[in-house]
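Two complexes follow with chain A in common, the first pairing it with chain B and the second with chain C.
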Partner chain A sequence: MNPQSRFIDLAIRYGFLVLLVALVVMFSVVAPGFAGAYSAVFIFQSVAITGILALGVTCTLVVGGFDLSIGSVATSSLMLSAYAMVVLEMSAVTAVILCLVMGAVVGLVNGILIVRFKVPDLLATLGMMFLLIGLQRIPTEGRSIATGMTLPGGGTAEGTFSPGFLLLGRHRFDLFLENLLPAPVIVFLVVALVIWVFLELTKHGRLMYAIGSNERAASLAGANVNRYKIAAYMISGVTAAIGGILLAARLGRGDIASGNNLLLDSVAAALIGFAVLGAAKPNAFGTAIGALFVGVLLQGLTMMNAPYYTQDFVKGAVLVIALMFTFALSERKKAGGH
Partner chain B sequence: MKLSRRTMLALTTGAIFAGGAAAAQNMPAPFDNPGDVEIALVRYLSTGDFFQAYLGGVEAQAEALGVNLRVLDSRQDAALQSDMVDQAIALGVDGIIIQHGLTESMQAAAQRAVDAGISVVAFDVDVENDAIPQIEQSDYMLGSLALEQAIADNGDTFRAAYVYVPGIAPLDRRDVAWQDARKANPGIEEVAQFGTLDNPIANSVANQARSVLQANPDITVVFAPYDEFAKGVKIAVDESGLSDQIDIYSADVSTSDISAMREPGSAWVATVATNPSVVGEVSVRTLAMMLAGEETGDSVVVPPTLITQDFLNENDISNMDELSAQMPQFAHAEVSVPDWMPLPPRD
Partner chain C sequence: MVVCKIRQLTKEFGPNRVLRGVDLDLVAGEVTVLMGANGAGKSTLVKILSGIHAADRGAVTLDGAPFAPHSPAAAMRAGIATVHQSIDDGVIPDLDVASNLMLDRMAAPGAALWLRGRRMRADARRIAHTMQLDLDVSRPVRDLTLAERQLIAIARAMTRDPKVLILDEPTSSLSAREAERLFALIDRVRNRGVAVLYISHRMSDIRRIADRIVAMRDGVITGTFTDKPLDTEGAVTAMLGVSMTDLDVTPASPGAPVLTATGLTLAPGAAPFDLMLAKGEVVAVVGLVGSGKSRLASILYGLERPDAGRIMLNGKPYAPSNTAQAIHAGVFLCPRDRASSGVVPDFDITQNLTLPFTARYATNWILRRKSELTTTQGMIDRLGIVCQGPRDSILSLSGGNQQKVMVGRWLSQDSDLLILDEPFQGVDIRARRDISAHIRMTACERATLVLVAELDEAVEIADRILVLHDFSIVTDYRNEGLDLGALLAAVSGRPAPEPVEGMTIT
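After this line comes the complex of A and B, so read on.
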């Protein structure tokens, strides 16, 4: 291998990580207050929710699918947890379980639509997205949920968000410094670790990658393709529901929202993840780094008073560059293989 | 042209009134037979608490008058909204309320409705038509009342952060109030401006506000003239532990806003709001006055009310109904209320 192509290989492998470090250094110099433990933790916090959703999307990408419904699953879970606690006056634990079950059921329905009814993945999950955006508003007739709200049938909602539930989104654990690590960040890291272990180190994860790269071959090799695909959508649904629970705990009320921005941001993070370490495929580590990358950029730009549209522009630019990395790389791999 | 058409309308309704002298109720024509009157509400925006409450007000006032109401909801589809006006014309309604929309798409449709002899009022959308009165909630006053309170609380010299997304009509009008306040008070320094409408808005704004507070720890006032913005800033202030140092001033109010303002130690100290259901009632009343041939004026402004955290705490207010009960000027607006106008039940 000549030195030039070795350099290109290195660039593809570590380019994104180097860029991430360079950005952090640059913002530390330019933006006052950027460097510091709290600031760093905050970046994690700002990407925790989209990051969790992105990890779910990664699982569906691994089996060669796609889940457009995650954003609306997250906001449905936000509304459901608020409804359970504020209107039905249930406990925090019940609310959390309800949301997780809802996410799993939505994933199951998505999976069955795709596997049994042969609906293309984009279309099935698109349908589910609209369905959920509508469904989450029906119980309250389109109102946001908060304690004291007037119910559609008259009367007011007396329940409250339980303090324990709010802690999920707001509590901060001590780590070296007081009140450093917010709970959602820990959930994000745990989910990332679990998904990473599952995809990279277990037989099931490898089979899912095999299904993604060649469904027929995987099936002939004895993998139960349908079951794994359904499982991938259920993982995606549950992680999205977790994201929604954290969102509810942070906001402290059931906010009407379509969740489309959550969907787009998390898909972007997962796609950026393709480029990390030259993986050229969906992977949990890349997704987490992708989410962080976007978080660092947005935090730095906001500190420098950049208006919101430059932030969308920058997000888009990062995504385009990442995709360029990924696809140029897979071409090279193909060329090398023959 | 328009004047004469208006006079014509007045004359015809006048004639009908004279003819139907045996009216059972004390309402002018055509409301002596309100069951025959049909009005249409053509909506552009409908999602969210504000629009839900607006619809509630429209329904309540229509019921008080006894007229039939049709609701046509275009769900942010500008072309569909324009088609819906044509649909309403084809249905032969007597009056149309255009609720939000884009000037470009609604101007021609509104003119077609006027040409068809239909009375039209517009809420928060300028359809550039002299025959159509504008119902407004005075966004400028929303902004300036909040800023007056900020100056009363903090003096005229402070470092402020401002939450704003340009290009949204009501926010642009509130922005004028902010610019004027800064011009009048050179001691107010805008050290940071941010804002986004990525939903859930409160969550996205909270992320931004965290960065801003980190970069500018000396901010004491945040002007966030939209309640979703204020909610986001409050989350960031709480997370940064700066509740004692920072005061948030905003516009709009809802039940969940009230509970956020009343959390112990909340930094959200004041908001200024118009009651959306009152705006809905005023829209219908203004339309009814037009149908009865009365003069409404070119613009009908529903005045906003200042709501402070102290007031909410002193009166132990926890939702919109209690706020209305404790604050009559918020619950009702004495706007477009001729003697004959039946009002929705007030408790």
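After this line comes the complex of A and C, so read on.
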């Protein structure tokens, strides 16, 4: 291998990680207060929920699909948990279970629409997105849910968020320093590890990648393609519901307007993940790094006093560059191979 | 008259010197057949001539003018038209025949803005007529057979009035009868004074169509054969660098029955037949495209249900309703058309090889990569797969080696019945010998069913040859002192045993 193609190879593999480290170093030098345990945790916290959603959408990308409904599943889960506790006065455990079941059912419906009714994945999940955005507004006639609100029937909502539920979003565990690790960050890391192990090390993950790469070949090799596809959408639905629960616990109210950015941010994280380690395919590690990358960039820029309204532009630019990185360079690598 | 002169053409991909100084002349009104093993550089040469790649060194002249296209469109404008192997690159299935034939004219700069349907169909009909294509030009291409699409792709290439027409393995998925239609079209193209460069592995094609054979090996031309009758054996020797001895099969004596089918009916109204496959024997089923070979494979592999009949596997009723059940019962199918049905392009060799058996490499859900790699390395050694190691991307292998991985996938675990559907498709003769030798070597512990379209492939591998015609088995021969004429007649469904032109046996 000549030096030039070895350099390209290294650039494809480690370019993004080097860029991430370079960003951290740069911000640490330029922005005082950036380097520090609490600042690092803050970054993790800011990306935890989008990261969890992104890990779910990664699973659908692996089987060659796409899930546009994750953002609306998360906000539905947010509204559902609030409704269950505040209006219906259910316990926190019931509310959490209800949300997870809702996520699984939405995933199941998405999956069935796609494999049985042959609706293209983008359209099926887009339809589901609209449906859920509308549905979550009906019980409260379009208003946010909080203790003491007036109900459509005329009464007042008497229930409250249980303190245990709120801890899911607000509790901080001690690690070396007091009150360091927020609960959502722990959930994010656990979900990332589970999805990574599932996709990389188990036969199910292997077969899901095979389906994404050549569905017919996977089917002729004995894989139950439809079942795996449905499973992927159900995973995506459940992780989105988890994200919604954490969001509800952090906000402490069923805020109708929150979670607007969830879909785009998490899809961006998953797509940026293609570029990590030169994978050129969806992967859990890359998705987690992708989410962190966006978090680091935004936190650093904020601490350098960049105005908030530039954030979306920065995210978009990172995404476009990452995609260019992935596809152009890996194409060159392929062409050189044969 | 030499239309296209290629001199010292060189191309490197990274460390691979794919073309190492190719000299080739293409003559007007002649069909030049280019033979070469997988990886000899044929595809690269074609890609340079059709403007997909640029050469590193060397010169090509077309009608005396230097030819160095920077894009496929430029190559076509200069007068070299190419019909690629995967036919769906050459036609647009959702458009009708007329639009397909006129596509190049529509896309040309300065073409009229408005489409005039009637005029277009009239023009298309004229083109079809000059090529003697008997087709309704208003039919959508997706309703046509593969063979008809192939003819349209060639007719479309001819609308450009090319000086050189390149055909890359045009018959690899056609039956003998469909191929004959194609040859007739090529004859007309040749008579119009076009220089044809024809790439094929099929000996029957080569004998039928070649005016000149050029053999290629390791990126250089190793032999040119122009004297009639063409020395095909010499060409094979030049292409391989060694001469291939004829392969003699000594039929094995069959063991206990593995699979028995009684009254099996493959299609409504088709004649029912019985089938017995015994342990230790290799049975070839020969039949044209559309004779029911794929249907038979699909039924045995649980993809489809027979219209009638009972199947027993090892003495027990066998009616799988999906592929997983078939694999579990010990029936494996290596499907035809590896690109669409076999290869997982994102995977490495190991992941491709172990794909159906991932569960057998896992403890507590977690895959044991080391054990997968060991199995794969063993298969690489036994089948002689040319690669750097088991972690290589499957796409870095040549076609023949990819096919070895596909066959190795199903040989890596023990089966009761192994079905191989067209295992030699797009594979050069050496890889074909490697594969068939290995299939025969391992055959004693299972029944093996091989589905092929070419009779010589069947003769090379099988103990017993069945002929399938119109969804029913019409003859059953032991591979000893065969009457090839009778066999050929059975394949084409004709009563009298007269030899078919262009389908002689090696």
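In the analysis below, the second predicted complex is superposed on the first by the 329 of 338 C-alpha atoms of A that agree within 3 Å, B and C clash if a C-alpha of one lies under 4 Å from a C-alpha of the other, contacts with A are read in each partner's own complex, and residues count from 1 in each chain.
Definition applied: a contact is a pair of C-beta atoms (placed from the backbone, for glycine too) under 8 Å apart; a residue touches a chain by one contact, two chains touch by 3 or more.
Note that the coordinates shown come from a computational prediction; the quantities given were computed from them, not determined experimentally.
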{"item": "Three-chain arrangement built on chain A, chain B and chain C clash or fit", "value": "fit"}
{"item": "Which of chain B and chain C A:201 touches, first, second, both or neither", "value": "second"}
{"item": "Apex chain A: angle to the C-alpha centres of chain B and chain C, given in degrees as a multiple of 10", "value": "130"}
{"item": "Partner chain in contact with A:34 - chain B first, chain C second, else both or neither", "value": "first"}
{"item": "Dominant toucher of chain A (residue count), chain B or chain C", "value": "B"}
{"item": "First (chain B), second (chain C), both or neither touched by A:162", "value": "neither"}
{"item": "Touching partner for A:222 - first (chain B), second (chain C), both, neither", "value": "second"}
{"item": "Least C-alpha distance (whole Å) that remains between chain C and chain B when both complexes are overlaid", "value": "33"}
{"item": "Residue ranges of chain B in contact with chain A within the complex", "value": "46-49, 51-52, 165, 192-204, 206-208, 210-212, 214-217, 231, 235, 238-239, 241, 254-256, 258-260, 318-322"}
{"item": "Chain A-facing residues of chain C, complex", "value": "13-16, 301, 322-324, 326-327, 333, 335, 340-347, 351, 355-356, 358-359, 361-362, 365-367, 393, 395-396, 409"}
{"item": "Chain C contact footprint on chain A (complex, rising order)", "value": "1-2, 5, 197, 201-204, 206-207, 209-210, 212-214, 216-224, 281, 334-338"}
{"item": "Interface residues, chain A side, partner chain B - complex", "value": "31-34, 36, 38-39, 42, 45-46, 49, 75, 78, 137, 141-150, 156, 170, 179, 182, 247, 250-253, 255-262, 298-299, 302-305, 307-308, 311"}
